[in-house]
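Look at the two complexes coming up: chain A is in both, with chain B in one and chain C in the other.
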Partner chain A sequence: MNAVLSIAKTTIGEAIRRRVLLVILLIGVLFLVIAPGLSVLSARQNYTVLTSFTLGIIQLTSAVIAIVLTVYLLPNEVERRTIYTILSKPVYRWHFLLGKYLGAVGALAMMMLLMSTVLVLVFKIMQRDASMEDVMRLATAPIFFFVQMSLLAAVAMFFSTFVSPIVNIFLSGGVYLIGTLFSPVFQDLSNNKNLSPAVKGAATLVHTVVPNFAQYNIQSGIINRGPELRSVELYYATIVGYALIYITVFLIAGMMVFDRKEV
Partner chain B sequence: MRLKRTPLLASIVALVAVGGVLNRTAYPIWVSNYSPRVDADISGLQADQLLIALAGFREMVAGILWVRADTFFDEGNYDAILPIIRVVTMLDPKQIDVYATGMWHIAYNFTDEQNRSDRRYIPSALALGSEGARNNDYTYELFFETGWLWYHKIDDDYDNAVDWWEQATERKDMQVARKNILAMAYLRAGKFDEAIDHYEGLLANAQAELKKNPNEFANRQNVDTLEGNLDNLLVRLAQRGNFAIKGGYYDQWSYDTRPPYDVGFSAQVTVEDSKVLRVEGTWGVQPVGTRVRIVLRDRDYASGRPAAMVWARSNQVDLDPEKNVTFMQDGLFVKNQAFFRRVDMSRDPTMYPFSSDNYVVEFYYNPRSGPPHIQDRFGYSGEGLTDKNYLNTEVREGQRVIFASLELTRDQLLRQGEWSTKVPIVRTKGYVATGSRQTDEVINVPGLRNEPEPTE
Partner chain C sequence: MIDWARLANLLRYGFLERALGSTALHLRWYNRIAIFPGGLCLLNLAIETKNLTKTYKTSSGPQSVVKDLDLQVERGEIFGFLGPNGAGKTTTIKILLGIIDSTSGEASVLGNPAGDIESHRKLSYLPEKPYYYEHMTGMEITQFYASLFGIKDRELCERLLNRVNLGNDMNRPISQYSKGMQQRVGLAQSLLNDPELLFLDEPTGGLDPIAHIEIRDLILKFRDEGRTVFISSHELSDVERICDRVAIINKGEMVHQGRLDQLLSGGRIEITADNVSEELSAKLRNDESTVSFKAGRLIADIPDSMKPGEVIDAIRAAGGEVVSIIPRRKRLEDLFLESVAGDNVIKGRKLSKMTDDHDDHVGSGTATTTEEEVSS
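What follows is the complex of A and B.
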């Protein structure tokens, strides 16, 4: 386990030194800072626009960081041949993969924490009447974005075991797109009585198997009104459990591929 | 040491199965509580708009688009607003104002040169309201607005207004003052007992509020208003004989609605020029202000029924109305017991395409849509209304209305073929020429109880 943690720690150090990630992060933070000025462009109330825009920035920036950070982790090690030094030590390949993933998630967490801090500061400055409860409600969204991005990082990590980084960007982005936007479409298809059983079965399979990223987008409830769930905690526990299961699935699958890969 | 593949594969399958179960549990909760739209219809969004939605900027971009729509309103560029309304409601289905304004815009603002609105858009407006209500079912607003469209714009099929406003009243945020209107819809739907019950319920609540805060002026005002409304309703129901009808003794006593009054309806339609009608006729009711509904439509209009239309056709919002059908509706203003109207449809070819071969011109009057002083004589259901030629008890079940239908062909309306030199004139049975009565500057205002003037 020490080996995993050491690899994770090194990965975090590498990640925060990578300029491309820092530039993306900087752009995200910059947009968060100028967000209040953009609210005059919209017809909706300041609160709505500010919340929508800032949370959108965090989600978009985090998704880009999660993909860009993860897709290069394994290929870079192979390309620079540093992987041979590591694997020559008493470290299993799955240790390496797991350490890399945890490092990516750790770096992602730090970057998202920075953006969330800026978000809360901007929100508090612009919405002076906002109560602590409002701030806490707002801060809930980035927490679930983090869970979402951890899942996305696992997807990208899996693909990085057998495809090139550029292809991986499109594959991971595609899975994210399908899992975010098209879940409702697949669900509609699977419930449509007019379709043939084969089409319905395929839609049900896709809806069930492809990771569902949409359910981590809880900002609509924050922007518009609070959810009327009887047990919010149970819902949160369910979707976090779902993410953990799928992260495990993608990591196991990645380990199986990486275990037999010629490096 | 290589990993053992079989147990790992088995664990993947087991985990995906568990994940699938969790997804099936959690996703419906997300849809009903966190999804921006309940029915999840994003099929109308283009690729760039989908990306915007994906990026999480729905509300921001929708807000900016709505500001742009406001500019189009100012410029009178109404057609340009339609796609914006659709995109904004797709991107941000929580923008109640856009749904409400969009419905109003679609239903009311597309008009011809004589300010008749294009009623082919009404199904779209209703579908938009219905979608907005589904996506925002926590608030009364879009239930109220959709009910208003039925009550005010369609001004018919009042049961639908009742349905929507009953749902609006169930919402906790429904404004107290707005709750009164449900009683008006009950009356127009002929549900008198429900109207009384509704007023009594509201009055009891208002009195309880007044007891809690006796110094609050609004509470006092609300109680006064409701007492006045309830008193008026009870007096009217008594004088019009509605209690007597219910009790089965209507024939034994004198009521304002007895004996039925013959309105002496007759009408003539002259096609003066291509797509230009001169409509004139008699309506022997002396108070000024009655409006007799006239509709000209394709005879085979799929949604058309005698004296009615099927307005609520689909829950799917389609902002392109049926462009190849013709539907014109207007109100014939009665003055000095006559009406006259020049209906010019020649300057709006997209609204009146006249692509069908045969048309019907319908005249319709229902006292339920009339003002209270007219209803006092005719009753809510036409008990005090009759006409020797055109009293109809079939087109509205349980009601006595005036209904007449004439037919015209496309050649007649366009003044082509054999009608290029002849003037097509169609008239109802017993048509009485109106002379200059309707166009006179002087308005005669005798009492409603007088016998009608001798016709010319």
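What follows is the complex of A and C.
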């Protein structure tokens, strides 16, 4: 386990110094800071627009960071030949892949923590009468975005074991879009009794294979303050468990491919 | 017939130890010798391949990068692995390290199948032009690689960095290191596990002369410490100077393998004589010999197969005076060129050198001497 943690630590150190990621992060933070100015122009309530807009920025920025960060992790190591030095030590390939993934998630966590801190500060400045409960509710969303991005990173890590970074960007981005925008549609189709078994089967297949990223978008509940679930904790635990299962499956699949890959 | 070497390797790497219990442990000595009821056996091969083949599927059909390679590297020697670019050297090293699998054949490293994680505890690899995470210092890099062995000994890292003369620079970021310093960090990390076997890929490539000499001296020290060093290099002068044995491969196939002194024996003899007539010099010229005049003195470069005694007698009989007879060993460069390119290219090379370095030499049969060849 020493090797996994060392590789993860090194990956974090390198990721937080990558200029392209820092530029994306900077743009995200910049939008968070100017968001209140944009909301003034809106006819809608400040709270709704500000919350919706800032959470959207964090989600989009995090998704771009997660993909750009992860798709280059393995190819860069091969290109720079560091992988040969590491794999010539008593390090299994799965150690290496897991270390890389944990490092990516660690770096992602640090960057998302920075954006979330800016979010809370901006919210507190703009919504002076907001209660602590409101702030805590707002801060919940990035936590689930982080779970979502960890799942996205696992998807990108899996693809990176057998496709090039550019292809991986499109594949991972595609899976994320389908899982975010269309997962509820496929779920409905798979449960629709009026459809033919073939269509239902296809919908079930897509719904099963493509992770449901949509369930981590909990911002609508925060924005609209609608009726609460009977057990929020249970729901949260379920979707975190769902993510852990999918992350495990994607990483094991990636390890199996990577174990046989000629680097 | 008992294969003692195989049995010894089984004992050495623990399979028989587990079967025979602790008594077997006491039969080992310094990992090199195993004593059996009936004999004593040297565990002498660090690397062995048999019919090692690597074939890739390409759009134009299967392409063999390594073909039936039989390689034997003895323990405690510096072994040079030579070949032109694309000869299959790196592929072979990758197979030996277990980074890629062979298509067929066998490869064992320190008695274990290539790629075995147990072997990895006892070997090290320094790739060509190694890259290190630039945000880290020399010390952090060394500690990172140490952690991959489960080593958390900062003093060991310091000691190794001092050993490669980086004691004063160990806390500087690697991005500020010169190529030579980066190579020395590589050597420090390669010693972390006190390896029995080191794979060094172009260890002196692109280094300035001082760094070059330092690295070369370190490699010689590794051998003095009893380590086996496997060097893949294009620096033929280094290989000739430090290696005990070499293998030359071309297009994935073994061309030569053996002790350097044996491979380079059967060289040429340079005879220098005064008062030799043009008539005699014309007689001495043929496809295998080169004859030239310098300051009125004849210099004949003949293969030792030409019976030098007869040549000397002929010179004396014609009234000439033999000034010197210098046996010249074949150079590794010549052997390498013969091995990878064949005679045509060597002749072409000599001819091209003739046009570049033309002086007052007299031409010979097919190849004409140059100043460099005469003086070397």
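Keep this in mind: the second predicted complex is superposed on the first by the 259 of 263 C-alpha atoms of A that agree within 3 Å, B and C clash if a C-alpha of one lies under 4 Å from a C-alpha of the other, contacts with A are read in each partner's own complex, and residues count from 1 in each chain.
Criterion: a residue touches a chain if its C-beta (ideal position, glycine included) is under 8 Å from a C-beta of that chain, and two chains touch if they have at least 3 such contacts.
Bear in mind that the values here come from a model prediction, so they are computed numbers and not experimental data.
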item: Chain A as common anchor, with chain B and chain C clashing or fitting; value: fit
item: Touching partner for A:D188 - first (chain B), second (chain C), both, neither; value: first
item: Which of chain B and chain C A:S88 touches, first, second, both or neither; value: second
item: First (chain B), second (chain C), both or neither touched by A:L114; value: neither
item: Which of chain B and chain C A:V257 touches, first, second, both or neither; value: neither
item: When both partners are placed on the shared chain, which of chain B and chain C touches more of chain A; value: B
item: Partner chain(s) touched by A:L60 [first = chain B, second = chain C, both, neither]; value: first
item: Chain B versus chain C as contact partner of A:V163, first or second or both or neither; value: neither
item: Contacts of A:I143 with chain B and chain C, given as first, second, both or neither; value: neither
item: Least Cα gap, in Å, left between chain B and chain C after the two complexes are fitted on chain A; value: 6
item: Interface residues of chain A shared between complexes with chain B and chain C; value: 92
item: Sites on chain C touched by chain A in the complex; value: 94, 97-101, 117-118, 120-121, 123-133, 135-136, 144-145, 147-150, 186, 189, 193, 199
item: Chain A residues touching chain B - in the complex, by the definition given at the top; value: 38, 41-44, 48-49, 51-53, 55-56, 59-60, 92, 94, 177, 180-181, 183-185, 187-188, 207-209, 211-212, 214-215, 217-221, 223-225, 227-229, 235, 238-239, 241-242, 245-246, 248-249, 252-253, 255-256, 259-260
item: Footprint of chain A on chain B - complex, ascending; value: 1-3, 5, 8-9, 11-12, 15-16, 18-20, 22-27, 29-31, 33-36, 40, 42-43, 50, 53-60, 62-64, 66-67, 70, 92, 94-95, 97, 138
item: Residues of chain A touching chain C in the complex; value: 2-3, 5-7, 10, 13-14, 17, 80-82, 84-92, 262-263
